């Protein structure tokens, strides 16, 4: 197999969706991502808890009325029973629903493709991980930034040792859409994302900080040792953090001094639409990536000039080239990266079923394990901030969970 | 209707494809573009003149064997006769086949979505325009760069008069993939694109210069008066131009001095993957767009600071916002722009059939007329270059065609 | 007076220099900065502690032999006694000599222009501040980044309230020249800058972190409350930090939530030559500056498009325009910014002497007070890092100093 | 000798200036450039034809009253007669005065440093070249863009053959300061620069097009064969061109297809402050330079990733490094590049006098010959445009001049 976007089979996998009805943002993204390469076809949904909205959304999306559900539990049961039942479900609800929905489908033996963060609460994440371990169904978390070809190129460069010992990692995820009290004006996205009951204890740290942390892990391969976090709510009346400044310490690798890092997740950075940057500096080379220009990776071997590695360009490596659709100089973006996660999901599902035999060294999708790590990261940051930014280790959080 | 990517109907339009079998570049692009928003479903094809390759390609794409044709003529006839026949065909063959294929489908009453340039020869283009004028079928030319939201934003800014009188227009389309004699190594894309029998008289001027010219027309609204062109073939043995340097003169608008321009189309610009830039300078403002960063438009009102207008950002206008899928700061690219042309096609087809009633002031797709203008542009450039870069008017070319 | 670069008087001020002999980096910078606008003429020096090198350097620089000294103390005394004695001295020695040299010249009544950081030890800085308070001589610290016109533009924008309440401040100063153990190869710059006896307790935090901190203070006008710092030495055998990651908390302004910040000073960021970036996000607008492109300031009012304000361009304000030499689009750089500090010094010296009467609201030079604040910042960071990155307040450091 | 900015001698060369009194732009630039490295000291001037303004300017600049002249002819005579007379004169008048002033000083045996273009009329340029050939005095034309280190790096890369055969050269010099009829509002710079009697037959083509052409020649080493030019005056009432679009053909080098080019010089490109870009594409590599970011050079060997070569960085070559003052990452700009021309002048003057013996392979200053070539370029462009953009060869212009 050369590229993720190539068809794995003549017919798409039947897909269901929970959440993502009219007015939602991420549901539409999942649908395009699922459809882009023809790997999935949406045939079923519990698109809204409001029956009328669910039906209207389903009709608009070409879902047959009998496969439009108002309860995810009913949907899991019914679809599992159908001979032509869905093979995977996309969960695109607010965070607090990830756990019960994912649990229902995993237990019904249906593969789950779930938006991030994994759950609203760490304890739920621990439980879900245990459920997942006992299920044959796969669990794919849509940390979509790992789908960018140049992020995959970066991961390969690090894995090959081209950066030497990693010393410093910096990730900033800056937005400004919550610079005003939008949730007090009834904006739907702002409302649930700033409601601790729906989003969890973390605000910016959970919504976007978890992406930044996942990206660091994915590219650097480093394991987080501890965080010192300073979370703030700048907008009056806001119930969760809208800015998170962090120091990071990573576990040592070999005999080198352990890497350190900085992370900033802000939703009040006036002027920033959605800028995620990653910088990794090692003893042999450094690399920089900016989501505003995702087709490029700046790579600088120590003592040499900076090189602009480009998606599908002459300097792109195998991990990157597997994840592209069009030649260099034809920009790809967010939806293509998201679709790569769906393509990885389709591939893994086909492989598990024996429908595809071929494998690639560069296959990867964010897993339950990654999701659990992300939840520990969020919990550690919240605890650290509550204790005046003292260092909180991830081990400390694992220790406090029941077996 | 708010956005082009929203479903116009529950079920996609059945689509056929001519060309685009295994190993082709642009066929795969058309398929993703057709599929991205669920507006079309590929159900039929004459994907290759090689029967075995056609069948293999069709199977891989989920096309039923009975709708896999080895002749486009047969396909046009058969599909027109089916009650569930295709409503549109995508033509993704080399240029010299555009004419006969398009003619066959137009005459069968099937809408045509055709890659650019319109034909290989100007005379064919004139004839096709006449055929199109007599047909009820629509003709959509995939000048995909007009699908970029910020290109549409630019067009609206000009149309609103925000640039004042246009004075200077500059477009550069720079690639380097033909910097070596690739066609002599049997590379498929290079072979047909440098073969005058398949590609037409123009090389770079036709393949990419026509895009640059179309973009100028689309954004500026100006009509080309005359060109002075200096075409070259730098690579030894190459049979078409691989570099085209042009001066442009436009027809006057009102009493202002007529606009002038420069255009460069190069396939030997070492280091450039695929950079298309457009700059328009008017008496009241200037704007600049770079395909390497397509989500941004630099806009400078005279005497003010440059503003970075962004796709789906606060400064984006209605024409742009209609053509986006994801919020600002989430990059879109080439495939999304291409999909916008397909969405416009779907909309127009639905409107013609009375299936969609709503209309937008910002609807647009490149038409037979645009294609014919593009062929005149190519012919004028070739003629000018053959006559030592003398000014050749487009009127001169129209005059020489039979009625 | 319109611009800092205009002559304040027909004849330049006589200037002396301590340090900066052959092979030094910053001495040559000071000389160009002093000379660029004709405000100063170098006529005297104790350029090296090595008599032969001092003489050779002096001869090359056109300093008369009788004004070439081997002792700064002798120079201070001799020049103070001459009727044509220097009116200012530039101190360009390693850090540990700043204190004794500055003390000698201040006590001799000669104005001091001193490189940063103020001293090697905080206690020296406190003492020097006290000496300065008793002296009529001026003290100018060359925090040269405050000389950039667009940094001055940024300061004015904040001061005018255009950013609203400052919420988040981020400054990164990234270099890579110490990514290897350069000091073990005898490189002169690396040797003294990594020797605690010459450079002080801080490595990167003192050498470049102090610049970043000064820039934050200068632009934002905020006062630092506390720092949590994680300093590291990644290169084996290095005696000072080569990377510093910090969290910052600022004192509250009015009733708004107090601003927070992040700062990173690294000399092991492989691939970065000397990149200093400043980002300030407020409730009404955000701004970003990058030393790699110093003539530009990105300014985004909330809910509007980003504007590129340019040096001497239409969007530049009075504070910026006072500090430029050439029209917009003609790049200025590091030396011009440095020369602006010298021009401010010349202006202040002339004003104190009554030789220039005119004053500007935008006059500014980094002072002894700024230098002392910078030393407290360094000391706080070092202390915090030694105590596992606990928050250390600046007040805590002031408290521990003797009266 | 390592660097141009190092002192060649303890005492600066005495310099005079003609033009450049209060209110002038380029005079101040020349003074800073002359002073920056201490190579020159301004001691004499005919700064204005207005005696009072001349005296005021001289006083402000520290020029002794007896060396402040109101006539350039008198100045040339008097200074030539003084034992401490100037060794060089800087000519910073409007173009039409370059010829008589330069002639006077050359004939007085005083070296001339003259602003561009060489003269207002081609015939004057031819005559001046002849005069220069008979004089022992040197003539340095301040085509200051050749002073940029990365432009010198580019020249060396081409000279070393790293680009292979040059195929395509593109230079754009875009400004917008004449987008309105500024000359009708009495603005001094606009007035003389749009007055054919003072500026010559060319407007934008002469004022900035000549810079672009010189840059092409300097970097590529190519010789211009012919131009086809389309000059326009967009602003009503303007007496010279404010926009020039050109096609270029170069003389063949070896057996390779001769290079082609495009050049655009515009003073009505709304939104552009002063952007000069140069792109050179060869058979083995391409390079790109942008005056807005002058410390960088993008260099792309065929089939490799683009490299960002930086001034004083690891990828800079000998030609570049000789012309820098501060380490990589510390931006240099327009004044430093201009000062490099003055440094080259000082070096050449010292070498001619035997005061400096050392020489470098990378020495270069724009000469009378370059100036004459530039005048032929301007004349060819004007003639071509007057004849509907027909190709005009430079040979044709040489032929028409009297011997």
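Letters are used for the chains, namely A, B, C and D, taken in the order the chains are written, and counting of residues starts over at 1 for each.
One rule holds for everything that comes next: a contact is a pair of C-beta atoms (placed from the backbone, for glycine too) under 8 Å apart; a residue touches a chain by one contact, two chains touch by 3 or more.
Just so it is clear, the model here is predicted, and its values are computed rather than measured.
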{"item": "Minimal step count in the chain contact network, chain B to chain D", "value": "1"}
{"item": "Reference chain C; chain at largest CA-centroid distance", "value": "B"}
{"item": "Whole-Å gap between the CA centroids of chain A and chain B", "value": "35"}
{"item": "Cα-centroid distance, chain A relative to chain D, in whole angstrom", "value": "55"}
{"item": "Separation of mean Cα positions, chain C and chain A [Å, integer]", "value": "43"}
{"item": "Shared-contact residues (touching 2 or more other chains) in chain D", "value": "272, 299, 306, 310, 313"}
{"item": "Touching residues on chain D, where the partner in the complex is chain B", "value": "163, 167-168, 170, 172, 176, 179-180, 228, 230, 232-234, 236, 243, 245-247, 249, 257, 260-262, 264, 266, 268-272, 279, 281-288, 298-302, 306, 388-391"}
{"item": "Residue ranges of chain A in contact with chain D within the complex", "value": "299, 303-310, 313-315"}
{"item": "Residue numbers on chain C that touch chain D, as the complex places them", "value": "5, 7, 10-12, 25, 28-29, 31-32, 35-38, 59-62, 175, 272-275, 291-295, 310, 313, 325-336"}
